[in-house]
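Report on the following structure.
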Amino acid sequence: MTTTETGIAAPPAPRPTASRSAWRLSVARAAVPVAALACWYALDPFSELVPSPTDTLGRLYGGFAEGWIYPGLAATGSAVLSGFVLGTVLAFPLGYLMGRSRTLTAIFEPLVAGTFAVPRVILYPILLAVFGVGLEAEMTMVAISAFFPVLMSTAAAVRAVSGSLLKLGRSLNASRLQLATKIVIPEAAPSIMVGIRIGFSIAFIAAIIAELFAAKAGLGLMISQAFAVLDLPRMYAIVLLVMLAAFLGNMLLWWAEGRLRRG
Amino acid sequence: MRVSESTGQQLREADGHGVGLGVRLDDVCVVYATKDGEGVEAVRSAEGHIADGRFVSLIGPSGCGKSTLLDVVGGLRTPVRGGVSIDGEPVTGPRRDTAMVFQEDSTLHWRTVLSNVAFGLEIAGVGRKEREAAARDMINLVGLKGFEHRHPRELSGGMKQRVAIARALLLDPRILLMDEPFGALDQQTRMFIGRELLRVWDETRKSVLFVTHDIQEAVYLSDEVWIMSARPSHIMEKIVVDLDRPRGPETLTSLRFHELTSQVWELLRAESEKVLDASGELTA
Amino acid sequence: MRVSESTGQQLREADGHGVGLGVRLDDVCVVYATKDGEGVEAVRSAEGHIADGRFVSLIGPSGCGKSTLLDVVGGLRTPVRGGVSIDGEPVTGPRRDTAMVFQEDSTLHWRTVLSNVAFGLEIAGVGRKEREAAARDMINLVGLKGFEHRHPRELSGGMKQRVAIARALLLDPRILLMDEPFGALDQQTRMFIGRELLRVWDETRKSVLFVTHDIQEAVYLSDEVWIMSARPSHIMEKIVVDLDRPRGPETLTSLRFHELTSQVWELLRAESEKVLDASGELTA
Amino acid sequence: MSRAPLLAPPRVPLVHRPSFVTTARWGIVLGAVAVLELCARTGLIEPLIMPAPSAMLLRLVEVVRGDEFIGDLATTVAAVLAAFGIGATGGLLIGILFWRLPFVGATFEPYLVSLYSMPTLVFYPILLAVLGLGPAPIIAIATTMALIPVALNTMVGLNSISPTLPKLARSLNCSRRQLYLKVLAPAATPLIVPGLVLGFIYAMIGVIAMEFILASEGLGFRIGYTYRAFDMQDMYAYILVVLVIAVAANVLLNSIERRVRKDMG
Amino acid sequence: GGGPSTAGPGGVGFRGEAAVAHLESIINAAPVLVAAGLGYFQDEGLDLDLVSFPGGTDTIRGIASGIPFGMPATLPGLIAFQKGQRDLRIIGGAVREPLVNFLVPVDSEIRSIDDLRGKRIAVSQPGSITTYFATRIVTERGLVPGQTVEILNVGSPPDAWTAAQQGVADVAWSALPISQRLIDEGKARLLFECKDHVPNWSDNTYWTTQSVIDDSPDILQAWLRAAQRAITAITTDLDAAAPAYARGAGIADDLARAALEQAGSAFSLEIDMPGIEENIRAGSELGQLDPAALDLERLIVTDFVAAL
């Protein structure tokens, strides 16, 4: 925008460009763990409840360097991923249907809330009885945990999609699939993604609880083992790893959401 | 249904086209269910025939059921009685050869202008390159060049409306249903887009049902102007517009044009007053 | 800013009112930030003065920045340069004595018509009984009697618009900013509500800034018609409407009325064509 | 046009009749119960896994009549309400913050969600040290679980509001309180309420799970105790109580939505 | 799950799971870890996945729902058997002393059980064996839980220790090897060991189900043989056993050695009837077991130990 012949001064300089603001966001995001680490270092001398960050990070590094972390990571990682995918794949279409039909919502909403609240600790012995100890039981446990938030968020999000857009879709003769993928899901995406992200994060804790409960391998088992002998640096190293994995997964989902919305 | 005699010419239903062709409204009655259980009788009985390739404007007081009727013709709403048939086939749902422009904002706010305009073709399965090239032309036509990559949030009210018009026109449907498409446009832009619409219509001979509040626009564009009564509504009067085509600026100044608009205006005024009268507040 | 000479009368700024009073726009410039970082210069430089109690219409091509300017006057948007002052005080935020009608649907869809209309008074702290009684009168005025307990979803486009008009009028503000308030209304209803608006204005002498696309409406209602250029916009021309008040049906047929509308039309056409020309598609 | 009023009463589709919904809902519940009963009676499900529903119900009656029940119920409900209350309030505030300052939201949101993956149990010793024994550590853990969905749904809900509404509110000179209570909250209700429902259920899951392991009273403790004592009928009786609370809370929270959003029902 | 497969060259040829309580964390599981670490299971043709459960209750559930055998605490097994899991069987002893102990912070003024008047003891869950021990031992010394001494349900040994360290409790229950570690580090002092107060106690036992006994007795026999070799190694060859245990439990070699030295005498495959009866008494005192309804004849299968 330049000064024109009318002699009107140009407005102030334009705002930061898209790439610059994305860059700023990345810096801010990166600053969060750095700041957390700094707090950890600052508070470390005051309590022996928490190990020093140096020890913890050293252990984490050791876990990879010495290789003892891989079997646990593989076991937990596969349960988390497969269970999350399974839970989402089941919950998403059901949530979609519930969101599209008031009748289904009215029928199932209270039932879902009820079954959702059944303590997981009870569920796991049942799963063990059905599947035995191993990936299947753990995966199912994860799937059930991821199922509910995805179902409820999807239903709510789809229900909130505005009528005029549905009308547009119908008038264009969109197939059910097109209506879902090109109108309802993009419109509902932010709220659906809340459920999916919660489901994904919960998947980790579900896998870990399952492993605390009965497991042959996994990060949960390693946590309980480290805790039992009060090897806090090792325990914190594993907890850190879990959160890191969840964070990276969340960023991936975030990115996917952006793609989804762009259609 | 009484054909307005003052048109000086009987309504020739077929008007050079096949008798069975076109859109036929048969005793359409729409009642909205309301929570108090009473229901709102939006349209009591609408009858009419849009012969193939004819341009019909629908005009009537606010809240009389025009949008409702358009929904019925578009297959989006099932009447409680009566029905619509197109080329003899009853309308049971949306059809591929019908395109609609809605009264409310119907832009997809997560898509750019370009991909909003191309959306109809995308749904119809046209490839990206092809549909985007076509969409660009249409965007130019409605004066949105330079805004291809903006999102609806960054557009003014009139610009969003033009996006919706472009989307419908791009589909090149046989039947075009438009609900106050030019409502938020300035007079010059609406005339320009109106003329473009006429040109497209003339080339492709669509049947058009066009809701507007602008009487001059209705008369200028149409073969027939249908006037809807106040709610519970029916189509009260059908005025055949016997102005020569192609129409141009001289049409607007012709005596016949003036006669027709006055006629529509008189009919309409009485109806609108009913609504306002009902409020018991009308100051003479 | 050139005052149109063809008005045959110089623009008397004060027009019988205090010089400092009224709304003064001083070199208002608005730039929207966009994601690509370029920014859209919606309004380049708007200057003007709405003397106290004057009715000013703002008219201009779609997308030229009318709604943006209204936001600035309403204190909802800070210009990047210049500013607005009311009675000499700079506008830094929304004021109690200003009421707005927005271009987009601004009904609260979880509230009934009655409580939507009464909402402004509710915010202002008026008791329920009092505000609802007042709201009922206003609902009758805009022809929504019988719909008091419906929700906006059950209304037609024009009915929602009338709810917003009623809400603003009910506030009885000193300054009224209306963005295409009658856009979705039929001609009779808009004339009726327009006349009511004039009556209210005449009784209470509000300053009004009224965006419309209807040139006749603008001329009929206003003391001045401001014409905005295409974007990046300024207020290109201010036409003083020297028609006698009170105005009535005879105004519409007067020669002066015709002259003024033609004048506005000519000015506007050139501007709109710029936009459409820019699309490089204008078929002469 | 003098047409006889042919108007038929509006047709209400069968499926929207509340009686249909109720019938279907109970049909599903009773069907599931019948299947479970059959499986348990025929020994398809081992008694140590799940007893027959009829046995659970019989025990439920006795459990509810028992001396400890009211105390346990009160303990758990108090803890859940405390966790939910704090979590929902905090979540709403964080959600509002993230909405008001999108940059802050974009920065912290992925970390907030990732908190969910934290095995909170391992921090129990820290909580124990800071908060001591008793309900406080339990409430603290359940609170974090309740907070996250409320915060995220609030943020998303507020983001989904048409920009015209806050504009209207500002132009009417709404106070901050009026803006939030009269405009933003009702407008975002369809997404906030599901967040609250999720938050409540997570608060409950958190409390029950922590009581299961750590407490010496409360429904979660009873479930854990009976679990370890292999009193499966009692355990399921307590689980039924938990279920009823969850359903009741769900109905209650959804009724808020129906009250606020009369236009949607 | 799992089951016999075609017998390999050396042994019974079995691939499957074994259920163990607190596998990696408490000394009771040492023989299993040593047997695994020194390859005794492999020698017998057993290719075992050791499944860790957080407690006896869960371990016995694991066995009831398909893991062919395992080593849970005795009491939960007895309860499960009586409450309906009639298929369960004891086929051998495992740990015949209570290995639970109680610690105080090293600077505590508590020196004996009698000093516990007015103090708070951190144990695990209500109804657990640690609760039982604490209650029983202080009661024998004339203290009244809930009045003159407080018994707090805190959780696992690390939880309990944190509580004691932070002043939330005064005494914490613990077990080897963590107790030894805390003592070695100079943080804790041993207040008393349960084995000095509860003389007869079968802490853990080897369990299976009747259907496994019917289908594949040779596997059970092989398993017990390997366990026997491990016990022998622990008592006679610490140089080999300690590193194996250290690896399995993820602890230092010398800590493993010290722990095994202290606990070694508790490991025995002999079925300790007085110890089991003591468990039954405890169970009935806790209100979880009805001694009269317990069919010990059916529960205990002595053949396997006898055949060793």
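Per-chain residue numbering starts at 1, and chain names A, B, C, D and E are given in the order in which the chains are listed.
Methods note: a contact is a pair of C-beta atoms (placed from the backbone, for glycine too) under 8 Å apart; a residue touches a chain by one contact, two chains touch by 3 or more.
On a predicted model such as this, the values are computed, not experimentally measured, just so you know.
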item: Partner chains that subunit A and subunit C have in common; value: B, D
item: Chain whose average C-alpha position is farthest from subunit C's own; value: E
item: Pair sharing more residue contacts (C-beta pairs) when A-B is set against A-E; value: A-E
item: Between subunit B and its twin subunit C, rotation from the CA superposition, multiple of 5 degrees; value: 180
item: For subunit B paired with subunit C, centre-to-centre distance based on mean C-alpha positions, whole Å; value: 27
item: Geometric centre distance via CA averages, subunit D-subunit B, whole Å; value: 48
item: Subunit B-subunit E separation of Cα centroids, rounded to whole Å; value: 83
item: Subunit C, residues touching no fewer than two other chains; value: 36, 104-105, 153
item: Multi-partner residues of subunit D (each touching 2 or more other chains); value: 46, 49, 125, 129, 224, 227
item: Multi-chain contact sites of subunit E, meaning residues that touch two or more partners; value: 61, 65, 158, 162, 166
item: Subunit A-facing residues of subunit B, complex; value: 71, 74-76, 93-96, 98-100, 102, 104-106, 108, 110-111, 115, 119-120, 122-124, 171
item: Complex contacts: residues of subunit E adjacent to subunit A; value: 1, 17, 19, 22, 24-26, 49-54, 58, 61-62, 65-67, 156-158, 161-162, 166, 177-178, 181-182, 249-251
item: Residue ranges of subunit D in contact with subunit E within the complex; value: 46-49, 124-125, 128-129, 132-133, 213-216, 221, 224-225, 227-232
item: Interfacial residue positions of subunit D with respect to subunit C in the complex; value: 162, 164-165, 167-174, 178, 182-183, 186-187, 189, 260-264
item: Subunit A residues touching subunit D - in the complex, by the definition given at the top; value: 24-25, 28-29, 31-33, 47, 49-50, 102-103, 106-111, 113-122, 125-126, 129, 148-149, 152-153, 155-157, 159-160, 190-191, 194, 197-198, 200-205, 208-209, 212, 220, 223, 227, 235, 239, 242-243, 245-247, 250-251, 254
